[in-house]
Amino acid sequence: MSVFQAPWYTPAVQRLLDLALEEDAGRGDVTSASVIDEGQEAEADIIARERLVVCGLGIAEAVFTRFDWRTRLRTRVADGDPVTPGTLVATVRGPAQALLAGERVALNFMQHLSGVATLTQTFVAAAEGAKVRVTDTRKTTPGLRALEKYAVRVGGGHNHRADLSSGILIKDNHVALVGSVREAVRRARANATHSLRIEVEVESMSELDEALEAGAEAVLLDNFATRDVGEAVKRVRERAPRTLVEISGGVTLDRMHELAKSGVDIISIGSLTHSARAVDLSMEVRPVVAGRMGAAER
Amino acid sequence: MSVFQAPWYTPAVQRLLDLALEEDAGRGDVTSASVIDEGQEAEADIIARERLVVCGLGIAEAVFTRFDWRTRLRTRVADGDPVTPGTLVATVRGPAQALLAGERVALNFMQHLSGVATLTQTFVAAAEGAKVRVTDTRKTTPGLRALEKYAVRVGGGHNHRADLSSGILIKDNHVALVGSVREAVRRARANATHSLRIEVEVESMSELDEALEAGAEAVLLDNFATRDVGEAVKRVRERAPRTLVEISGGVTLDRMHELAKSGVDIISIGSLTHSARAVDLSMEVRPVVAGRMGAAER
Amino acid sequence: MSVFQAPWYTPAVQRLLDLALEEDAGRGDVTSASVIDEGQEAEADIIARERLVVCGLGIAEAVFTRFDWRTRLRTRVADGDPVTPGTLVATVRGPAQALLAGERVALNFMQHLSGVATLTQTFVAAAEGAKVRVTDTRKTTPGLRALEKYAVRVGGGHNHRADLSSGILIKDNHVALVGSVREAVRRARANATHSLRIEVEVESMSELDEALEAGAEAVLLDNFATRDVGEAVKRVRERAPRTLVEISGGVTLDRMHELAKSGVDIISIGSLTHSARAVDLSMEVRPVVAGRMGAAER
Amino acid sequence: MSVFQAPWYTPAVQRLLDLALEEDAGRGDVTSASVIDEGQEAEADIIARERLVVCGLGIAEAVFTRFDWRTRLRTRVADGDPVTPGTLVATVRGPAQALLAGERVALNFMQHLSGVATLTQTFVAAAEGAKVRVTDTRKTTPGLRALEKYAVRVGGGHNHRADLSSGILIKDNHVALVGSVREAVRRARANATHSLRIEVEVESMSELDEALEAGAEAVLLDNFATRDVGEAVKRVRERAPRTLVEISGGVTLDRMHELAKSGVDIISIGSLTHSARAVDLSMEVRPVVAGRMGAAER
Amino acid sequence: MSVFQAPWYTPAVQRLLDLALEEDAGRGDVTSASVIDEGQEAEADIIARERLVVCGLGIAEAVFTRFDWRTRLRTRVADGDPVTPGTLVATVRGPAQALLAGERVALNFMQHLSGVATLTQTFVAAAEGAKVRVTDTRKTTPGLRALEKYAVRVGGGHNHRADLSSGILIKDNHVALVGSVREAVRRARANATHSLRIEVEVESMSELDEALEAGAEAVLLDNFATRDVGEAVKRVRERAPRTLVEISGGVTLDRMHELAKSGVDIISIGSLTHSARAVDLSMEVRPVVAGRMGAAER
Amino acid sequence: MSVFQAPWYTPAVQRLLDLALEEDAGRGDVTSASVIDEGQEAEADIIARERLVVCGLGIAEAVFTRFDWRTRLRTRVADGDPVTPGTLVATVRGPAQALLAGERVALNFMQHLSGVATLTQTFVAAAEGAKVRVTDTRKTTPGLRALEKYAVRVGGGHNHRADLSSGILIKDNHVALVGSVREAVRRARANATHSLRIEVEVESMSELDEALEAGAEAVLLDNFATRDVGEAVKRVRERAPRTLVEISGGVTLDRMHELAKSGVDIISIGSLTHSARAVDLSMEVRPVVAGRMGAAER
């Protein structure tokens, strides 16, 4: 099964790539243009500088190809591979100016996506042994949703709903406007497309009871204390055995092991995407001695 | 002086906003559409849940207005204001469906940008008393360059060059291809636009000497140990008093105080933009009792 | 509840609107520009020429506003209203050139969307009395998905999944590649986001049995003869009372009454969107006698 | 001569293709991603399920290529070929996930365009033997103008003016604002580019007389009864032998034979584009036994 | 009649405006941001520095509004007005930073478009008294077609065909491929839309004869010597009185008077658009003493 | 060193190319489509018709490739080569319809860019022997900034700052708002990124003194009389030997020799980009006898 299915082909990622190229190199690379011979060919190694899970090789290749269609990126590992410091991740060959102009954009993508994949992998590892899914949320960096959700999959996690159209999640704000969980669920069932399960966010045991009674197909325990989670799971299993139990809010690495053991089906974690730090990757360029290329005409 | 000058007006930010809206709400908000009455008016408070520096009110307003032009965002603080947990940051009023559909996109922007501003402010504070600039780098999240650089200014930092066209920085990769720092500087001086200062990255004292000799107008001490920084600054001041000294690489909060005292002019820090965690902001919606609005026709 | 939630605000619809304006009026309206006085103000009535369900007033308004921001569209009925021949649907006022230039684009949108709404309403009416949903499919006109799905709602129908990311539907082609319905369902359950129900398309009673056994949460009876539908429904109700039954393929108006009575939950009909004929709406322009407007500067 | 000249290359069609891909597969294909092995290669046959004129092979190929550049579409017939039920139209080979993700978008284009071509061919056939052009109008589906006009050519029809800039057509609304046909024609002659013929829409014999007197180079008989058409043609031939006669409005297949014999030069028919039903094409996928492909890096 | 009909509303001009803003101010205005107080309000006069015909006020207003929606442009003259050195053309008021950031883009548009209008007016004046149209060609600056054609109208000229779809012009290259003028005209008549007149470019008297015989509705005398033009016009008038005569190629101001008297219907001039020099307009900014504005939130 | 570094790859140039294709050929080429056989292959020569410096071969190739990916452009000279009338610049081979449809767009780009390169070369030649840079300004044609700046480099000139973010230039309007040159320079130094030199525009000797005193790193002598330039240069060299001297305003070819000898470092000339006339290039098409190509499917 393809857990990965990279989103490089989508118009949205192409547009983000345009933005990224424009904002850094849209008006040229003054340093390289003034310093490097246009005919100079070069080779560059992309190297991991810390322990990390690789993610984003496809978009890095797209970046370099945009600058000059003669560049070639040879991967040495694959997206999803865990690597150690010093590992050669990929080698790019082409006009030196294109390599230098593309370096930062390519690395910015890879460092962020590998950061997400690496953090995800850490949480997944902490849940090892438990039959639980680690998922992302909709708390993603604006414009990078598809890429970050891909990185979560690459890191061994699962995706929560893609957007507001591909999942029903009744939250406190909805209930505040509608009046009750029961009425909200009733309306969702009456109006929403049948392809979607109805999930309800609850903040207490009594809200949990209400949600189960209303027929929720999944419940999201929001910010439950670890000690209450087990009790909640037990209650769901007894009353509505097909209902899924998700927990979210304040999920840290420290709590992961205990939460995973609690029997919940899904642990969703916003920080996977909104607070992953960039991991360290660098690029080293060397001249190809015999390398002299003509100007690219296209 | 406007240190801020928000980039909301630029076509690039408008395009990013399009991407952000599309990826979350481009196919509608199934939950709200099926649960909330279309005529329901509501009010929502955006509230800080931790100590943070606010950033992104303008783009949050743009988000809500895109969903429905009748929404109104009233700011209670301004970009750059430090706030404490519980502070009411802004209130939005409009059709309930628009508020709910826009909530996540608006918060994703604000939590990330406020995160960058807050982290910047922490580094700036750590350098207090020293005559040194804290700046960002080009290590930004792809597509968010202008916004993140704005957030750095909002947090009290300065911007390094905007992109590859607005600054000359000769790095090890350039030197590896050209043969020497001297030759690289010569070429930059001969070919690059005169509007730009020539900065050279150095990794040792001997490279520093070479850069000064070549006439660098700024030097970037890359990954220098704290103890070597003072010596480097002294050498620059003696030999080339108008040359700026920047330090970068491995700059942590722990080292900030000492580095700031070392006499360097600029401390540039990649993590300000590539590794700032999202800060906690939430939105609480309540019905406006008498509020019933007709369908928006545009 | 908002069954409608018009998608005018989405970037995708804005882009389609751009395409529509460009392809008809992107290089100007030679006839009006050469014949009509620029200062002439006018008023135009949009009139139904047959029995139809109105749909698309919001986008018609957007069309005229794009040509000249001084135009004003006053609706006389609302999206979803059934009207008779001769009914005044809306009146537009503004510069005569803008009304004439926008006429065809506005009517092309309204005639198509009202056509979809009208056809949907006919199918919904044919199912009256039965507790069944009439839904669309993904067989929509390329580029018009959101608008056509809106028109289906306006006509009293429901939407099936919005796109390939917001619903799981295992079809014969998937089974052909995976080997069995059982294995396909197993993989979907293991890998796909938990927000989505798992639906399986079946073409015979034995495939239906297999799907139920595998745990399908919904089954799509594909091209079942009317006489077999009742039997299939009965079998599902007995074995898996929570499983939804959908029927699709060759659903004509003639069969609707009988199908609706058969007890299925959902009848999905491709022709609602891919084969609805345009309904007849026309626009009549008259001069506003005292009307003379200056040139619009923006 | 190229009657066809496919518009695939135009930026407008590329943008429509983007919209079509985004709206269906922009956030991935959850079913295929979770069910189908990423390395699985497959082959798919596109098959006609009814008698039809093929149209849209080029854009179908573009669709599959966008999902994965390794797909290959082999055409078995060409645009414009009439085929019978069961005819193999094309075979696509490539990664199974790409074939499944592209299926619906490709078929939606082909079913609509082949529908337009087929309907056009029916009208053209009904006019056989007469020296008359069957043309489309500007009543096209918003955003699909160029494609639908291509389909009309593919079906044996001709195109009327492409848009408001490539033909002058003075209609009742223009006359209502200007005061008389004579004045409208005078202004058009004085102001409009000389590359365009001046055509006038008339609704009665007396308006026809006025148009001829004013020097119309073509007249459009709007909604004329069949019995009046012959008389109108005769009058034009006598008084203005170089003036073209077009008829439009309420042109059904039943009337075509008689109208074609009436001696008019052009019969324009809105329903060719705005009301053609989708024809039936399907796609059948089968695994390529030995087929295992690596992940596409771009 | 509106000879002008400004194209500001078209998506194409909006996209060009985006490009123009991005390329100059997309990454901010470093000088103004660092030097000017954000709250400073200012007023700016746009002043003609030479004799010129004004063109482009609408797009100048759009430029400033994009930077800050609070700017207001008050026109003092209108597009098409001839002005003398020192004339105040418009006054803009708003935040000083927005005025300074928009100055160059607005002036670049106005100086170019006014340059085209002014040059056109000179040619039109040189043809005064003759019943001849001065038109542009398709030799326009890439991306500025609609704007430059508007400027030609503003300068008193007419437009030739808008693009390759809105006029038929058979040139030497077509004839070289088809074999003869006769065959080319025959094909055009058989295949092209009836809305378009058929024009043929000829380079000699014998080609002119052939074109007339083939039934050309307009002939383009390409690079004819002035002395041959009269003879050609005479021949056309005798043999095909309804055929239009256009002359193009090497049309300079010196030749205009004589060419205009020669009796041709149309003189088309590529240099109007491809070689008009920019005219001199400048902008002078002054502070509004009491002016202090808050930060714009959108 | 690459003085050239063509900007073809940038998203902005791709978007301009889209605009250029759409505005001329977006709705097809009616003449070629109706006259030329779709299977006809052809070859076309692009020929210089006057003495000029070639510029734009890369974008011409991109134009033809967009119409049909089977076209091949073979360059006979390179960007930057000076050629004489009659020189064969490039040969294009491909489907005749694609060559004819692309001809005008390709030539419009090349004639304009070669015009800029040629004019630049003339100014550079006039400065021969002097150690001075001839540069462009920001007075470029909207949307063509990157291309025109490339053409200036191709013609032997240098670029001034790329945009408002890549250079600091304090002008009279800034000083009018801030109060003094001294204060403006102080603010720029305090707030702007350190990568940029601070340049000040001066209009008199006293302003020059003030600028030097304030620490300007470059001064722009605006509209100085030729006789005053030498005096100004002398004063700068004495007081601030590292400060660059630029002259701008009213720089004509007549004055170039004298200005170049005056010792200034930079002469910037707006007319290079805003007023270069198009140079004469033409395209001649001939059939390839055996050439018959099938329809392109993509």
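Letters are used for the chains, namely A, B, C, D, E and F, taken in the order the chains are written, and counting of residues starts over at 1 for each.
Simple rule for what comes next: contacts are C-beta pairs under 8 Å (C-beta built on N, C-alpha and C of every residue); 3 or more make two chains touch, one makes a residue touch a chain.
This one's a predicted model, so the numbers in the text were calculated from it and none came from an experiment.
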Using each chain's Cα centroid, which is most distant from the centroid of chain F?
C
Chain whose mean Cα position lies farthest from chain E
A
Pair joined by more contacting C-beta pairs (C-D or A-C):
C-D
Classification of the chain A:chain F interface as same or different, half of numbers criterion
different
Centroid from C-alpha atoms only, then distance chain E to chain F, rounded to Å. What do you get?
21
Which whole number of Å gives the spacing of the CA centres of chain B and chain E?
42
Any chance you could list the residues of chain F touching two or more other chains?
1, 3, 12, 22-23, 25-30, 32-36, 146, 162-163, 165-169, 187, 190-191, 193, 196
For the complex, give me every residue of chain F touching chain D.
18, 21-22, 25-30, 32-38, 66-68, 97, 295-298
In their complex, what parts of chain B are in touch with chain A?
12, 15-17, 19-20, 22-36, 40, 42, 44, 96, 100-101, 103-105, 107-109, 111-112, 115, 138-146, 163-171, 173-174, 176-178, 184, 187-188, 190-193, 196, 270-271, 274-275, 277-278, 283-287
Please give the residue numbers of chain C that touch chain B in the complex, ascending.
1-12, 57-58, 61-62, 65, 73, 75, 78-79, 146, 162-163, 166
Touch list for chain E against partner chain D, complex
1, 3, 133, 135, 158-163, 165-169, 187, 190-191, 193-197, 199, 218, 242, 244, 246, 265-266
